[in-house]
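The two complexes that follow have chain A in common; it is paired with chain B in the first and with chain C in the second.
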Partner chain A sequence: MPRGLSKKMLPWLFLAPMLLMITLAWIAPLVLTVYLGFTDLKINNFLAFIQDFFTDKVKLTLDNFRKIFYAEDPYVSETFKVTVFYVVSVLSVNAVYALILSIAIAYFVKNEILSMILRVTWLLPRITPGIIYALMWIWFIDPRYGLLNDMLRLMGAPEDWLPDSWLLRKPYSQVLMVMINGYVGASFGMIVYTAAIKSIPPDLINAALVDGASEFQVARRIIIPLLKWPILFVTAWQTLSLLSSYEYILMVWGAGSGQGYGIARSAGVMVWSLYSYAKAFAEYLYGYASALSLILVVIGLVLIILYFRIFGFKRLMEPSKVEV
Partner chain B sequence: MMRVGIRKRKTRALLRRIAVIAVVLLIAVIPAIPIWLMYGWIISQSFSGRVILGILPSKLTIENWRFLWSPITMGEKEYPNIWPITLNTLFLALGVAGLVVLVSSLSGYALSRMDFKGRTGMMQFIIALHAFPSVILLIALFVILNKLGLYGKGFMTLVGIILIKAGLEIPMATWIIKGFFDSIPWDLEWAALVDGCSRWRAWRSIILPLVLPGIGAVSIFSFLSGWSEFLLVFTYVAQEEYYTLPVMIYHMIGEFIHIDWGMLAALGLFYAIPTIIFFSVSQKVLLKIYVGGVKG
Partner chain C sequence: MVVLRGEILVRVLLDNISKFFGKVKAVSDLNLEIKDGEFVAFLGPSGCGKTTTLLMIAGIYKPSKGRILFDDEDVTDLPPKDRNVGMVFQSYALYPHMTVYDNIAFPLKLKKVPKQEIDRKVKEVAKLLQIDELLDRKPAQLSGGQRQRVALGRALVKEPDVLLLDEPLSNLDAKLRILMRAEIKRLQRELRITTIYVTHDQVEAMSMADRIAVMNKGRLQQYADPQTLYNKPANLFVAGFIGSPPMNLIEGSITERNGSYYFETHSFKYALPRDIGSLVASKTSEVILGVRPEDIRVIIDGRGSSDSAIIGTVYVVEPLGRDLLINVKINGVLIKILAPTDIRLESGQKIMFTINRAKLHIFDKKTGEAII
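What follows is the complex of A and B.
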């Protein structure tokens, strides 16, 4: 029965190009990352490996993981600490600060135009191409030309608190890393929360106001409890993307110092994913770098499975709906 | 007695009002000042020789934009002309957009309209990919690019990057286009089928016109993400003449910082033109898509 067969085949015909592309860009590299993580691939056996994936010049080994977990690479533990600091602090900007921000913009500010100006302002960092955003930060933090130090002076910061270099002086560079990523991240939370706040039935808020509740009480007792799922969603989603986001760090420290992204190490902003990147493309230790990535892959997969459990499939698809 | 009560309540209301304004100022306005300053700076710096107080232009000039008509030099070194680099960037962005739209409108249609075994599983798979941070795969993708013989081949490397970038964007684009198909009522297509249209004809003359706004949004979105792509080109392209604008700007910042802020600002602004245009034209739809983007 050719007709029935073609009916069965048709959807797959439509899906075939997508599956092909996904295989090339996702599945093959995922499998390859697992394989590479267990090899000693580096620059001197790389060509042999490209000709034949199973060449005996590349050895299967557990050394990479021994180096990571038994601290044979002395830098791993510091990278780990920096990464935890980075994820936790940017995440709190993204989830918590963005929550207050969106309540302020979408509920406290009653003037439509002002509210819109603020929303657009906070969105700019996300819309701007990364390298321009990086360039503006490089200018802004420059002690001589930029305005950050001047701004802090204006707000009353004593002179010896201000660093001669935001890029290289240690606690400052780490604060800077959180700020740069925080401004981009805050808008993600803002978009999700604002949509959710706007979908709260006005009757609910008006009833509370008539009963004598203040704006703060409305925010705390009505809006925030209703945003439970959006908050969880933003936290979950951003944890995943923060674990692997190093693009801004690479651009700001790499270009801003004029010496390449290796400078991130002494500035204390070398996060796990950037460390893996540097091991591969600056030191050509592809096997070891893949092992470092593989750890992130495993964490990512575990988190995704966890999220499917928590949210269920339906909720993951519709993140900004509020349930009243 | 009554009057005191009212006055007390009035003062309390006033205090609350002040507190609300204070929260708005502290949380939403003051931290936004750096953003305003940065955008103010890049615009006024690009047209002036010197800026006063960071953002006030003085000595208006178009000298900063000289890269548009003459090569940029730094000592002995001459940087590649801006126009070929712009063409590379355009090629990359258009390639990504074309491929993404072509592939994901097919798959989005299938997922929205066709019933087949494993449909739910396929959708879960796509959502999972969408959530998974793709930059982790950069090393393995480098190996694949080498295996395919596309590394270090100049123009062909850019083609390879288009394939990879499009592949990374496709799960999300499929999901968005599926959403647009979902919002078209079944009855419309059904009526056409009853009237004797073939499925292909129904798709072409009924569905496609209705879903065009969605396809437009996805193509703008993937164009912009190809236009802003930095890491793939930075990592995989070795020859300067095949750089794209962001990678060239990255290297120029390293060289010209402190020396020529004006040119850097002008270069940045030049590069941002498509983003500015597309955003002012279609911000509503784009914002919806941006929520799904995995960025910072």
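What follows is the complex of A and C.
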């Protein structure tokens, strides 16, 4: 093989598996989603549709979007509210609570071994298989056999505060949704934050101490400002991934009957992406589900552009860094 | 000049302090007094415990044993913020997210000094250090020398009782280092702040400090003024560490024959004055002879020859500009001699030289301590 050719080809050869994966798993579904979103594909007309796939015979329509935006589907607005609540509250756990926790573990806990143990503890949910994590929660919150109510009782919570069902009673169910997702998500922020905190030169912290800062002032005036980029990165990353994540909600609430919705809707934990999933795989309204997903994709894209503009996403995507 | 306080001078006393990190003894049983207003250098190779000691004085580390006193106040258990020390770090440790102004103002803000006073003091210090043009910049926009001044400003602005400097010049280029050396010394003289300066550079220590504490492996080797260190090194470590080119150290033994004393190696024999000889012989026979390159004189054409002259072969000649550094070999023992540049010498040439007996050092080989 001539050298010039191999030099040009080689990178593509190495990239090929990755590009193939991206095409099959990302670009193709996106194209399909856009396409299907403008059709009325459902289980009833599935076979006919497949024969006419991508031909003129398929009727393109805006009906799906009309249903969504003109409130013809009565659940859309509720789903929207739940989604906003879900993203905002889980995000604040992931970005803010994780930050406080990281500073506590990586700075205030001076014992390196203890700090390590604590960090690993917070990683446990992330390295546990998702389904097991979900099952453990289901057992944990069981009002009769689970530990949660007993623990709360021990801590002195009055009996009438404890719900007969964490899964069904609002707002307990929604608090539970935030806890389940927040606990997993917090570990992501913690990995980024603790690594960033540990990479702050000790001299900087010593200098602040000598300058007269208390430990708390060091955290507030030196550590947190230096974590600006990691904080923005975690926030941006987590917003985008939360928008499209529903797997833990599905695992905890979605199993069972109720037209395949499980009990997510009555528990008030039906987020947008789960709604789209349910429309597709419980009611078999593929066209409508695609339209719902497409809206999520558009919101994600808008957010990406927004982050790009506001924070300079290029800098965000660089490896976690602390300005020194 | 003035910001910078009146004559409240503080004496620092290190009372038998030690610091262990696990099994590693970073500092062992250190006793040291730094007088009020004094400029003391901690000198030693890396890992000798000098920075650890400094961080103990700053309050970052707590001594494993012993006490630290500022004047008569025991500060051993005080956190750094209650000690009123100023410190310049080797890395400068400027806060990257703050401007120069905010960096310098930071210690005052923490002290809750009124805004106007902060402003006045920051500007005064900036003027003193000639960085008043840079106040709006971030540290990343500064050169090494400018960062160094900012770090110094931040340490000085709080009018510290004790100023600690940890290798402040080691990141500067050679020219700037000499300039800042003089400047720091001038500042210290003017402000009369008790100052401790950590360095591994003997020239820095010798040229700036009133007294130098030479440290090695966590232990104090000698604590004296520069001239004494140079002329009367207490042990082999100090002798080898201070002076450039370093002192010649030659292993040998003391022998006596017919009432005369000799320093003898396998390659040559050197007659010692009787008083020195008998003194050394009364203590030990295995010794190390030390003589500085400038205390050896080359004899040309047999002029000024004496019976104590030693003959050797020129190994290599290194011109240093002002002097020649002659490496002479005597049967495998290499001796360095500083000589004026007007001597013409070739490698392989035989030469004679004499040692200035008044500048002779003899160390006990076993303990390394100086006998004379």
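The rule we apply is simple: the second predicted complex is superposed on the first by the 287 of 324 C-alpha atoms of A that agree within 3 Å, B and C clash if a C-alpha of one lies under 4 Å from a C-alpha of the other, contacts with A are read in each partner's own complex, and residues count from 1 in each chain.
The definition used in the following text is that contacts are C-beta pairs under 8 Å (C-beta built on N, C-alpha and C of every residue); 3 or more make two chains touch, one makes a residue touch a chain.
What you are looking at is a predicted structure, and each value in this text was computed from that prediction instead of being measured.
Partners chain B and chain C fit side by side in the overlay (superposition on chain A). In the superposition on chain A, A:194 contacts neither chain B nor chain C. Contacts of A:64 after superposition on the shared chain: neither chain B nor chain C is touched. Once the two complexes are overlaid on the shared chain, A:135 sits against chain B while remaining clear of chain C.
Once chain A of one complex is fitted onto chain A of the other, the partner contacts of A:228 are limited to chain C, with no touch recorded for chain B. In the superposition on chain A, A:104 makes contact with chain B only, while chain C stays out of contact range. In the superposed model, A:214 makes contact with both chain B and chain C.
In the superposition on chain A, A:245 contacts chain B only, with no contact to chain C.
Counted by residues of chain A touched, the larger count belongs to B, out of chain B and chain C. Distance between chain B and chain C in the overlay is 7 Å (nearest C-alpha pair, rounded to whole angstrom).
Across the two superposed structures, the residue set of chain A contacted by chain B and also by chain C is 214.
Within the complex formed with chain A, the chain C residues making contact are 55, 58-60, 79-81, 85-87, 89-91, 93, 95-97, 106-107, 110-111, 140, 154, 158, 164. Chain A meets chain C in the complex at residues 201, 203-204, 206-214, 217, 221-222, 225-226, 228, 323-324.
Across the interface of their complex, chain B is touched by residues 8, 10-12, 14-15, 17-18, 21-22, 24-26, 28-30, 32-33, 36, 46, 49-50, 53, 90, 97, 100-101, 104-105, 108-109, 118, 121-132, 134-140, 142, 144-148, 150-151, 181, 183-185, 188, 191-192, 195, 214-216, 237, 240-248, 250-251, 254-260, 273, 276-277, 280-281, 286, 289-290, 293, 296-297, 300-301, 304, 307-308, 313, 316-317, 319-320 of chain A.
Of all residues in chain B, those touching chain A in their complex are 16, 19-20, 23-24, 27-29, 32-39, 41-42, 45, 53-55, 99, 102-104, 106-107, 109-111, 114-116, 119-120, 122-124, 127-129, 131-144, 146-147, 163-164, 166-168, 170-171, 174, 227-228, 230-231, 235, 246, 249-251, 253-255, 257-258, 261, 264-265, 268, 271-272, 275, 279, 287, 290-291, 293-296.
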